[in-house]
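Each of the next two complexes has chain A plus one other chain: chain B in the first, chain C in the second.
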Partner chain A sequence: MLNRSSGVWICVALAIGAVLFALLATNPYYTSLVVWILTNAVLASALRFVLQIGELNIATAAFFGIGAYTAAITAVLFGWPFWLTLVLAPLVAATLSALFGWVTLRAKGPYFLLISFAVTEVIRLIYTQTNAIGGNSGLVGMFPPMAIDAYYPALAVALLAATLFALYGVERSDLGRMFMAIKNNDAIPRSVGLNVVFLKVLCVVIAAAAVGLAGGLHAYANNVIAPADFTYFVAILALAYVKIGGEGHPFGPVLGAAVLTLVGQWVAGISAWENIFYGAVIVATVLAFPGGLVGLATRARSLVIRSGQ
Partner chain B sequence: MSAAASAPTGGEVLLRAERLERRFGGLTAISDFSFELREGEILGLIGPNGAGKSTTFNLISGFIRPSSGRLVVMGRDVTGASAMTISRLGLVRTFQHNSLLSEMSVIDNILIGTYHHRSGHERRMEKVREVAGMTGLTDHLKAIAGNLPHGLQRMLSIAIALAAEPRILCLDEPLTGLQGAEVGAALDLFEALRTTHGLTILLVEHNMRAVMRACDRVIVLNYGRLLAEGSPEAVSRDEAVIEAYLGRGR
Partner chain C sequence: MELFVQLLANTLQIGSVYVLFALGLTLIFGVMKIINFAHGAFYTAAALIVTSVVPFATATLGLPLWAGYLLAAIAAIAVVLCLGALVYSLGFQYVLKDLNGSFILSIGLLLVLNGAYLAIYGGAPRSVPQILPGTISIFGATLTAQRLALVIVAAIVTGGLYLLIERTRLGLALRAVAQDQEAAMLQGMPYRRVALYGFMIGAGLAACAGVLMAPINAVTPVSGDEFLIKAFIIIIIGGLGSVAGAIVGGLFIAVVESVGGYFFDPSTATLAMFILVIVFLLVRPQGILGNAE
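So, the complex of A and B:
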């Protein structure tokens, strides 16, 4: 069996490999593909992070957009320095998510899901109706500084990978244990003096900071953003990554994002069928192997071990 | 009411409920219910099914708010206060149903109880080991709570509460489903908690023999109202109490 620390070391090696690839590959198609895979991995991991408290947060898509718009507005409209805009992206997303969480997290399950969906679409509509930020066509012209332009994909990959490790670290900490307890039976943490509402808000805020940073990095990677990039569908895709990779394991969403993003490159060729394809894959996965790819690997390994005895 | 028998301890009043009332829509689950819990005592709260015992627990622990009445814990008015506030004042309750974190390990269950007052993993684990020792869970720390035998699950729900270091421990039917020897061990634990750890206990229990053995004083609820109060012996001979239990076919 792989133990936990060797699993972490493999992930560190994978992350270093991804950074090196982004640094050394000369074809910009491949470097931006690596950035996009890690962006999706952060989106999926953040969605799963909030699933720890038992809530499906569609507004993950909204906070990704808020991070992207924050970086784009401060960079293009205000002309603020690159690093400052990248710090503001997660900060603004986290702050707004605290407000969002404080108001909405008294609702649970389907109610919370619907509210988070509505909030996502309302925020998108606000972008489209605000001419100062480009309305429907969005904003263009977010470029990393000349000095680091060549290294930008590697920088983005490094920051996104660090974000993934940070989410994992929180999950493994005392805080992660409290999140799990809230999902399992929130009456128990309440009965021993924990502030359950605050913990739930904190969970949403941490996840929003992660996707906020990813959004900021996406704005610079893409150079152009538009409201249509931040619909609820971003969260649905993230959910697909989580389900296909495996919800039970922190590496699941990363694996799911990698596999589906790569497959998506190929499916995009038959564009009209793209969403049908994703839908079919989600349904098939959930029905056929509910543990996702990671669950499948674990089952296969235990079969091998058993037959080896 | 046999009020004379109701003052076995001269301890300070840790919990006072004054004319509590709780309605659920048209149903009045608790009405005009007053009682006191004094330091160092084991107070029994009994009554037929549906009498309002668990509702009383929900009220005094801040899980639900009273429709009217007043609640004082450790000298502080906590009427309408949150479960967090009341728990941090030192009143911790267990649950009749769903009383643990079934998908988590025994260690994790007990650890959850330590978070609001202990810092540092080592100090928390120290508490986990201490509490697990008292509740007979030392050999099961790694087990998933939902897979434990029933008796140990009941003990684990008490262990979670103890990890929060309460001064008042409210137990909602902790003996349900326990086997003979387990009941004896649990009663010994309650007595030890009172004498060596200075806890004050409010015990809801249907096992009358256990109530007689464990409690200094008993209050009886019927249809959400106080029916009788006194020593276990006095209450068990009380005509109205016998009538309430027999009248419901128990």
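So, the complex of A and C:
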């Protein structure tokens, strides 16, 4: 059976494969699809990262938008260099999320869920009301520099994959264990002298930095962004990826994002049935396979082991 | 004075629908500890049924308009109650008190139901002829008779719900379960049945709102979703699970919307509402009438 380190090596091989594919594939549709799958994987993993402290953070969608708008504003309106804008995207998202977390993480459970929802809508409304950043129609014309334009999908895939590994690394570290302790019962970590509010804010900030970078990369990959790309629905789809892939394992959200994004390409454009399809998949997963695809695989494996004995 | 009365009338019109909608949402949260994202689908179902039964009753059955509307209202509420019972027994009863699981389940349901409405009715707005034509003038402010009727019926339904919660055995059971589910079960209360009734009452309230709004606003397959975000704000302000809080919160949001929409523009009013609720949560996270956990 696979142990943990061989699982990680398989993921590294998958990531290298994805980068090579983005580098070598000639059809722009396929390369942009790979970038989009990894973007969704980062969104879903970041959502799951905050679920480690037991909170469902709808504002994940807002920080994705802040990353994208930061890159777009600095690139298009200020004309700053490409690399600087890509560094600023996660930084600005993380800074604003620290403020957001410091203010809102006093509430928890349903209150935090609903307030993160409201914040996402406020930020989207602010975009639509600000004419300097294009109002409802958004911003156009974020292009990577000519020299790396051909390699941009590979660069984006590499950075997004590195982000996924970083999130995994934090989860496996002592910090990840502290997050887990907060989820189980936040009075106990507090009783041993941990600053629970600080740790919660830190968890939200790390996740926001990850989706901020994904947002910046998305702005350059898509060349055009609009407020409608960053509604609460982004976070809801990310939650669907987490649930369908499997919440219990770091690879779950990545798998869920890959499967649903690919299937989504296939059902896209048959409007009413697209909704019914997504909805039915979500309902069936929550009711029949609460562990998602990863949970299903684990169950199948334990069946095989038992019958082999 | 005239402006004041007009704004008051607007507030009551908007507020009465918000109150009905938010009451159902807060009741479901109180009893089941879930956030029902599919609540708007109950509203939409009722409104869509009214738009198809009214023409059928008047044209095919030859009933007068008011009788056709009454028939449509009964049919719509009955169908939504069945839909609520179905959704509860097929889905929600397995995720009671699981906040994240029930949230994603309700989103899945919302997608399925909205897709089904779109497949059945198409995306075009549908409307019902005016049931009560004419306008009424009070202190110089004008109000259509239909909207006045909406306010009165909504007030009666709200009052009825309040009596149900405060005065009946079922109401006592709902309050007991909302306060402490385990203690209520230890007293021999059938929790799952109480939760089912609570869920159906919530769905029925959304259906009432849909029936009342169908002759006033054009109905589309996503009509109910427009109320959902505002209803979330209302129940945060009022306190999750608080019936009186939903009424106070609904009227408060209606004041902000009608006054803000009059003096500024509607999207500024919406923005103000969101910022208010965030400030509000900082000062009093448990809402006006909610209990701290």
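Convention: the second predicted complex is superposed on the first by the 309 of 309 C-alpha atoms of A that agree within 3 Å, B and C clash if a C-alpha of one lies under 4 Å from a C-alpha of the other, contacts with A are read in each partner's own complex, and residues count from 1 in each chain.
Please note the rule applied: a residue touches a chain if its C-beta (ideal position, glycine included) is under 8 Å from a C-beta of that chain, and two chains touch if they have at least 3 such contacts.
For clarity, every value in this text was computed on a predicted model and none was experimentally measured.
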Partner, of chain C and chain B, that touches more residues belonging to chain A | C
Touching A:A107, do we find chain B (first), chain C (second), both, or neither?
-> second
Of the two partner chains, chain B (first) and chain C (second), which one does A:I188 touch, if any: first, second, both, or neither?
-> first
Quick one: classify A:A240 as touching chain B (first), chain C (second), both or neither.
-> second
Would you sort A:N275 into first (chain B), second (chain C), both or neither based on which partner it touches?
-> second
In the superposed arrangement, does A:M178 touch chain B (first), chain C (second), both or neither?
-> first
Touch list for chain A against partner chain C, complex = 51, 56, 103-104, 106-107, 109-111, 113-115, 117-119, 121-122, 125-126, 128-129, 236, 239-240, 243, 271-283, 286-287, 290
Taking the complex as given, what residues does chain B use to touch chain A?
-> 61, 63, 83-84, 87-88, 92-95, 98-104, 108-109, 111-113, 115-117, 121, 160-161, 163-164
Interface with chain A, chain C side, in the complex: residues 29, 33, 35, 90-91, 94-95, 99-101, 103-105, 107-116, 118-119, 229, 232-233, 235-236, 240, 267-268, 270-271, 274-275, 277-278, 281-282, 285-286, 293
What residues of chain A sit close enough to touch chain B in their complex?
-> 174, 177-178, 180-181, 184-185, 187-196
